[in-house]
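Paired with chain B in one complex and with chain C in the other, chain A is shared by the two complexes that follow.
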Partner chain A sequence: MNIEVNGPKIYYEIPILGGIKITESIVNMWFVMAVTVAVCIWLTRNLSVKNPSKKQIVAEKLYLMLYNLVKDVMGEKYIKFVPYIGSLFTMSILGSLSSLFGLRAYTADFSVTLGWALMTFIMIQANKIKHKGVWGYIKSFAEPVAFLTPLNLVSEIANPISMAFRHFGNIASGVVITSLIYGALASLSKTVLGFIPNDFISQIPIFQVGLPAILSIYFDLFTSFLQAYIISMLTMVYVSGAE
Partner chain B sequence: MEKYLDFVTIDFWEIIFTWVNLLILFLLMKKILFKPIKNILEQRENEVNSMYSDAENAKNSAESMEKEYTRKLADAKNEANEIVKNATRTAELRSEEIIRTAQEQATNIKEKANKDIERDKINAINEAKKDISEIAVSIAEKVIEKDINEKDYDRLIENFINEMGDSE
Partner chain C sequence: MLEKAIILAASAVGAGLAMIAGIGPGIGQGYAAGKAAEAVGRQPEAKGDITSTMLFGCAVAESTGIYGLVVALILLFANPLIKLL
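Entry: the complex of A and B
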C-alpha cells in the first residue's frame, strides 16, 4: 500500500495576482479563530468586580499568568505585548491541537510558521531601529568589529528561519509519523487478519486502536504545547532583547 | 482530482493570510478578552485601594474622636467636682444662716414669752389682790355683822393687804 504525506489541500484558487490559493491551512485557521473568539466572548460575559463566576476566575487567572510571564520575560515597558503574545500562543497551540479533531494542523504548514517567524523578525528590526536610530541600527551589524558583518547578517536572518523550521518540523514530523504508524498498523492488521476469508472482517484495522492514541499524547498534546510555548517565548526574548 | 501544496513550501499568499489572520485575532482578543479582564482587574484594585484608604480614614477619625471624648469626659468630671464643691459651700452657708435665723427667732420668742409671763403674773397678782380684798370685806361683814365706818374699813383692808404682801 502507498502512504502519501501531503501538504495542505487547496480548496480554491482565486485566479488573480498569480493565483491566491485558499488552502486547508487558511480555512482551518479561520475555524480556530472563530472558536477562539466564541470562547473569549463566553469567558468575558457578565464580568463583575465582586463575586466573580468560576469562568471569570479562570479567565482572570489565565490573563494574570500571561501578564506575569510577559512582565518577567520582557519587562514592564513591553507590557503592551500581552495581547499579541496571547493571540500568537492561542493561534499556535489551537492550530496544533486541531489535529485531534481531524483537521490538518496548520502549524504543519511551513508558510504559516514562517509568517509568524517573519512577524517576530520584523518586530525585532523595528525595535532595534526604534532604540538605536537608523544609522545606529545599520552600524550595529558591524559590531564589535567590521569583518564580522556577514556573520551578523547571517545570524540575524537565521533567527526567523530557525524559528519557523523548529515549529513546522516538530508538528509536521508528528503528522508524518502518525501517518506512517497508521499505515504500518493497517498493513499489520491486514497481515494478521488476512487468513480470514471474509473480506469485511479481514479489512478491520484492529491495531489502529490504542497505540496511535498513546503516541498522539506526545505528538499532539505535548509537542503542541511545547512549540506554542517556545515560539511565544522566543518572540518575547528576541523582541525585548533587541535594544 | 484534489490538489495539494507541497509538503515543504513557501506560499506567498499563505504568509499574507497568516499575518492578516494573526492580526485579526490579535485585535479581536485584545478587544473582547484582554481589555475587559484588564478593566475588571483594575476596577477591583481601585476598589481595594479605596477600601484601604477608607479604613485608614475611619481609623484616624475614630482615634481623634476618642481623644476628644476623653478630653471632654475629663472636663465634665472637673466641672461636676466644681459644681458639687460649690453646692456644698452654698449649702453650708445656707444652713448656717438658717440656724442663725432660727436661734434669733427662738431668742425673740423666749423674750416675748418672758414678758408675757411677767405681765400675766402682775395681772394675776392684781386680780388676786382685788379678789382677796372683796373676800376679806365680805368675811369681815359676816364676822362683825355691823357697819363700820368708811375710815376704819379702808384702814383694815390696807393692813390686811400689806400683811399678805409681806407673807408672800
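Entry: the complex of A and C
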C-alpha cells in the first residue's frame, strides 16, 4: 500500500525569465474560468424587462444576493466592489468544488490563495492611502506611539499571510485526509478479502465505495463553501475598514 | 544513512508536536459555538445573523491551528531539513 500526497503537477515550462511553470492548478483554473464565462454569457443572453425568462430570474436573484451582501457589509459607498467580490467568491467555491469532478482543487495550491490575499492587501493599502493621503498613511504606522511601529508593520504584513494560509490549509488538509482515508480503506478491504484465493474477488474495493462520500460532504462541500464565504467576507471587512 | 534516519524521525516527531497547536482553536471554537448556542436560546429570531457571525469568528480563530498544520505538512511532504545534509 502506498499513499501519495503530491503538489500540483508541472505540465510545461516556458523558458523565459528563469522558467515560468504551467502547473495543474493554472490549467484547472483556465478550465473553471472558461466554464464560468460560458455560464455567464448564457445567463445574460436575451434579457428583457417585460417578460423575464426563468434563467433571467435566477441570474437576477444571484446578483441581488451578492449586491445585498456587499451593501450590508461594506456600505453603499463601496458598491463598485460587487464584481470583484463576486468573482473572488465564484472562483474560490468552484475551485474547491472542482475536486468533486476529479480535478485537483486549485485552492489547495498556496500560490493561488496567496495571489488572492495579495490582491486584497494591495486594495487595503490603496484604500488607506486614498483616505489618509501619503503622509497620513506613513504616519498611521507610528500610532499610538512611535516605538510601536515594528508591531504595526508586522500586523499589517500578517494579514495577507494568514488569509492565504487559512484558505490553503483548510482545502489542502481535506486533500491529505481524503487520500489517507482512501489508503486506509484500501488496506482494510485487502485484509478482509485477502484470504480468498480468487484474484478477481480479492481485488474488489468493498470499503472504498460510498464511505468516503459521507466524509466528502464535510471536507469538500462544507469547507469549500465556508472558505469561499470567509475569504470574500474578510476582503470586504478589511477593505471597508481601512479608512 | 543514519543521519538521514535521525532527521526523518525528528521531522515526524516535530510534525506531531506541531499539531498540538490544534488544542487552542479547538477550545476557542467550542467556546464560540457555546456562546452562539446561548445567544440563539435567548433570541431565536436572530439565528441567521448569529450563525454567520459565529462561523466568521471561528474561521478567524482557526488560523493559529492552520499555521501548525502547514508546519506539519511542510515537515512531512516538503522537508527542507533533508537537503541540509
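Following the convention adopted for this analysis, the second predicted complex is superposed on the first by the 243 of 243 C-alpha atoms of A that agree within 3 Å, B and C clash if a C-alpha of one lies under 4 Å from a C-alpha of the other, contacts with A are read in each partner's own complex, and residues count from 1 in each chain.
FYI, a contact is a pair of C-beta atoms (placed from the backbone, for glycine too) under 8 Å apart; a residue touches a chain by one contact, two chains touch by 3 or more.
Just so it is clear, the structure is predicted and the values come from calculations on it, not from any experiment.
Participant: Chain A superposed: clash or fit between chain B and chain C?
Facilitator: Fit: chain B and chain C sit side by side once superposed on chain A.
Participant: Of the two partner chains, chain B (first) and chain C (second), which one does A:Thr90 touch, if any: first, second, both, or neither?
Facilitator: In the superposition, A:Thr90 contacts chain B only.
Participant: Once chain A of both complexes is superposed, is A:Ala172 in touch with chain B (first), chain C (second), both, or neither?
Facilitator: Once the two structures are laid over each other on A, A:Ala172 reaches both partners.
Participant: With the two complexes superposed on chain A, say which partner A:Lys9 touches: chain B (first), chain C (second), both, or neither.
Facilitator: In the superposition, A:Lys9 touches chain B alone.
Participant: Put chain A at the vertex: what angle do the Cα centres of chain B and chain C make there, to the nearest 10 degrees?
Facilitator: 130
Participant: What's your read, chain B or chain C touching more residues of chain A?
Facilitator: With both complexes superposed on chain A, more residues of chain A are touched by B.
Participant: Considering only touches as defined above, state whether A:Ser25 meets chain B (first), chain C (second), both or neither.
Facilitator: A:Ser25 sits against chain B, while chain C stays out of touch.
Participant: Contacts for A:Ile41 in the overlay, against chain B (first) and chain C (second): which applies, first, second, both or neither?
Facilitator: It touches chain B, and chain C stays clear.
Participant: Looking at A:Ala146, would you say it contacts chain B, chain C, both, or neither? Reply first, second, both or neither.
Facilitator: In the superposition, A:Ala146 contacts neither chain B nor chain C.
Participant: When the two complexes are placed on top of each other via chain A, what is the minimal CA separation of chain B and chain C in Å?
Facilitator: Chain B and chain C, overlaid via chain A, are at closest 6 Å apart by C-alpha.
Participant: Both chain B and chain C contact which residues of chain A?
Facilitator: The overlap between the chain B and chain C interfaces on chain A comprises residues 5, 7, 168, 172.
Participant: So in the complex, the part of chain A that touches chain C is made up of which residues?
Facilitator: 5, 7, 162, 165-166, 168-170, 172-173, 176, 226-227, 229-230, 233-234
Participant: Any idea which chain B residues touch chain A in the complex?
Facilitator: 2-11, 13-19, 21-22, 24-26, 28-30, 32-34, 36-38, 40-41, 43-44, 47
Participant: Which residues of chain A touch chain B in the complex?
Facilitator: Residue list for chain A touching chain B: 5-10, 17, 19-21, 23, 25-26, 29-30, 33, 36-37, 40-41, 43-44, 47-49, 52, 56, 59-60, 63-64, 82-84, 86-88, 90-91, 109-112, 114-116, 118-119, 168, 172.
Participant: Enumerate the contact residues on chain C facing chain A in the complex.
Facilitator: 55-56, 59-60, 62-63, 66-67, 69-70, 73, 77-78
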